[in-house]
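Pasting in a structure now, in structure tokens, and then I'll have a few things to ask.
All chains are identified by letter, namely A, B, C and D, in their written order; residue positions are counted from 1 within each chain.
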């Protein structure tokens, strides 16, 4: 297996030259464009890896599934989907058009920025814990990694430049989708996007989803089965930005990408996969990462279809 | 099993009153709003059914997956997706907006009308066979039913009132997506939508998809496995109009609906399901049919996620 | 005055090189890109001209104000604006988006293609006269030129390639804005666009508008004053495609352009101006023609503002 | 003349019942729905008035022409229209769609909120004067009324609820249309909208525009003629929200309305008119005010067309 992974990494490394690292904030530009790594964590607790699997990167949009899980666990399906839809869209992740023109101003789904911001506003707080503390606690649990933390530089950079997200948020404030203070919600959002992970971390999150919400390493039930099914469904229909449909055809595995270069893929009942490659294609997905997943899917017959 | 089906049909019949039969053409208005039937055809050639499973209805949009299969078999994946995308959209099935504003004028996917019309224009003809003849031959093969035919009244009615489809088609003609004569392509399209089927017919089509392209009853390989995977994927992301995302969450089975009241659902490796209930919800999906599938999915654990 | 015109033509001829002749039909491509001419016809029957003022060109979108006048005379303001709005739009003249999304499917105004097609469908016919015969009779009257006719080659070319207009028309057919047979209405539309005129002809039409509907040369009252006011108003807000706002600021004279290279400008109470220059800017307006009008407006203080 | 005005006010008062006072902030809801007043200030310094002409109301969107004048005087036409277009739009005044999809993210014109906010950001400041001070100084000058000031309650209410404007502004911040601090720019904008005026005040502003930028009462030249022409042009094409086209047809006088109930109308060379009636139609224009202007335009032959 590791031979296979190593070969796949080596053979697909060349594609990283066809992409570009995210450049909207300076910190992301520092990534090494040629990095490419993969980590597999099976529901039987087997682990396989190759390439730059231990590089740290910011989780970015992959956080959207983490915060959605937490919001669903805390509030239930009905509450969450009262404010955010589950329909895929051909618009880009930061588009504001559909907030004005469609779905009665509800964000179309929780994988576009507006939807994720609305979702994050539902995560509760109490006097000892800010929402971001709850998110960190949760992600440390589902990765079995207590060292996970926020990359402060990336967070500050996101916060400083996140005007499009402010536009989305104030729009939702004006239509009562967002009820809390905008800057506070965004602060949590920017922090959640800046969480630093490795391929292993996201592979383990994916393995929990693959395992129906039970931590494979401790057999502890953490997430209701229904929630893991919702998450995997939304990953298929909306997880790869506006290339989700194409990815579903070519790979067929519930996945979520982030502009930090990560892709989290969950093969139901079998395994979680974490891929990292910061060179992105025009849609914002890891260009090498998609190649790796295409080949893995074919070799290991991973497609759910 | 048949007890289960009978119970499910009976218990969900009440929902048919919350919907309305399609009324854009007089023929569809004649349907009996309270009809509700289901047919299961397993990949092991077992058959179960209940309710109004033997009523005939027009296939309507379910034809979109039949013609897509045929176009893919004839032309290959690359040729077809050169002209039509595979991205889901939150726009309604007959929307023309995205043809002007998105995806370089390519229809976003083959399940919206514009995409299906573009796909149907790719089905070849020869001096003995019109495209519709090839479509009929193909559907008779994958249903094992030589009696399948066009409902002439519905066809004429579609043709007479199909001005929105003409608008979509002439738009595509103006952008060179459509190369053939518009009225000829539309004639095939209207005929394909007017094909009359029963729950059994569409259950059998679904069973072929579930069985990776091999006819369960004869073991004959009819459709490349890759094509069946593409079809199932597109059914998940785009098969239930702009309620596809919600349906994927609640049912989780690759499905395609039509305004004639049918829903075709394909459970990979296991079975094909055909449901019929002409009372539609606001999105154009069979309102009772969806309820039946939700319950079946839960009872039989059908979700692919 | 003629010295002024000659100088203005000569000085602005250089701008024709920055534009391009319309190329969507072969006939229009044959125009001489460097042509530039102007004709002024005052309400006192004085005439001034310079440059290529006697070249023939197809009237194209300038016909939209001729057919709107006729439709208003025949049907009255209320009837016409029941089906077509009078609001300017930032969308381009052949955009279909707003037909689906705005104004309850009514074309936003009569100067975009959809609106003009809807207007032309209101022109009546009787057993001796087709709508195009009425249009020709009317334009011959308001130009005092019995020789005006259709350029057959341009008409056939328009008809052959006019698929976008077919898309617009069938869309309107589907929403009942258009009630007549689409191809018949379009046939009239394509013929009306293919009427051949000179600068003098359109200057005379403009002089009638400037003169409140009275033919300056015969004092005959042809058009109700209210209709001329409506036409001039719509010319200001919508007459120069999606550059109408900019043109109103820089020139300030009610005008209508066509992709044949003509611009008709009506200075209330004072004069009609016809300009011809087939090199177009990116919006579809005569690039040299606009320069000529800017200078004329400044020199003769023509702005109505 | 005053008899005429009194009669027009009395006869049109009934229409105020068909409209509603603005209700998005509590302060505006306090307006007396039946109020209707008019003030005429001619370029010869004659004054005529009737009805509730001396009621105070917040200037709201009428401020958009005041701040545009100031920005044009300070920065010149070229600078201002580098960032904001002059094309009318059929979208509503607070729409965000076109910021994403049209005109390279430039606001389409200075009469919609986004455009007005961009314009207000261009008004300079120095150590003694905030932008709002310059605006107040300017409006006091062109109204000859030193008592003009901000209604503090309305300002605070606007500021508290102005989330849609925040969305527009942060969008423009993200596309670099807006360079200054968003909340500071909005603070000026909310204050400018909250300036309290009477019919007389806005009639006098209109008379300055009518008079080519020369204060009729002192003959002092305050605004370049070119600027007054630009303002009047934009008022015709964009001044009455997305009913500008219809108003241009029915009234034909450059005008700007505000949701406070005011309409400022400038009849070139002749007079300024201020109308007040807080009952609004569905587009946000004073319903009685439009009726008054329609009748005045007809009686006094005010249309510029």
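In the analysis below, contacts are C-beta pairs under 8 Å (C-beta built on N, C-alpha and C of every residue); 3 or more make two chains touch, one makes a residue touch a chain.
In this text, all values refer to a predicted model and were calculated from it rather than measured experimentally.
> Just give me the whole-number Å value for how far the CA centre of chain B lies from that of chain D.
54
> Find the geometric centre of each of chain A and chain D from their Cα atoms only, then give the gap between the two centres in Å, rounded to an integer.
Averaging C-alpha atoms per chain gives centres 47 Å apart.
> Tell me, which residues of chain B touch at least two other chains?
Only 101 qualify.
> Using the definition of touching given at the top, classify the network of chains in this structure as line, ring, star, complete or other.
Topology of touching chains reads as a ring, each chain with two neighbours.
> Please list, in label order, each pair of chains that touches.
Pairs of chains that touch one another: A-B, A-D, B-C, C-D.
> Could you pull out which chain A residues touch chain B in their complex?
By the definition above, chain A touches chain B via 85-91, 98, 102-103, 108-109, 229-230, 232-234, 236-238, 242-246, 248-249, 252, 254, 268, 303-305.
> Going by the contact rule at the top, pick out the chain D residues touching chain A in the complex.
95-97, 99-101, 163-164, 166-171, 173-174, 182
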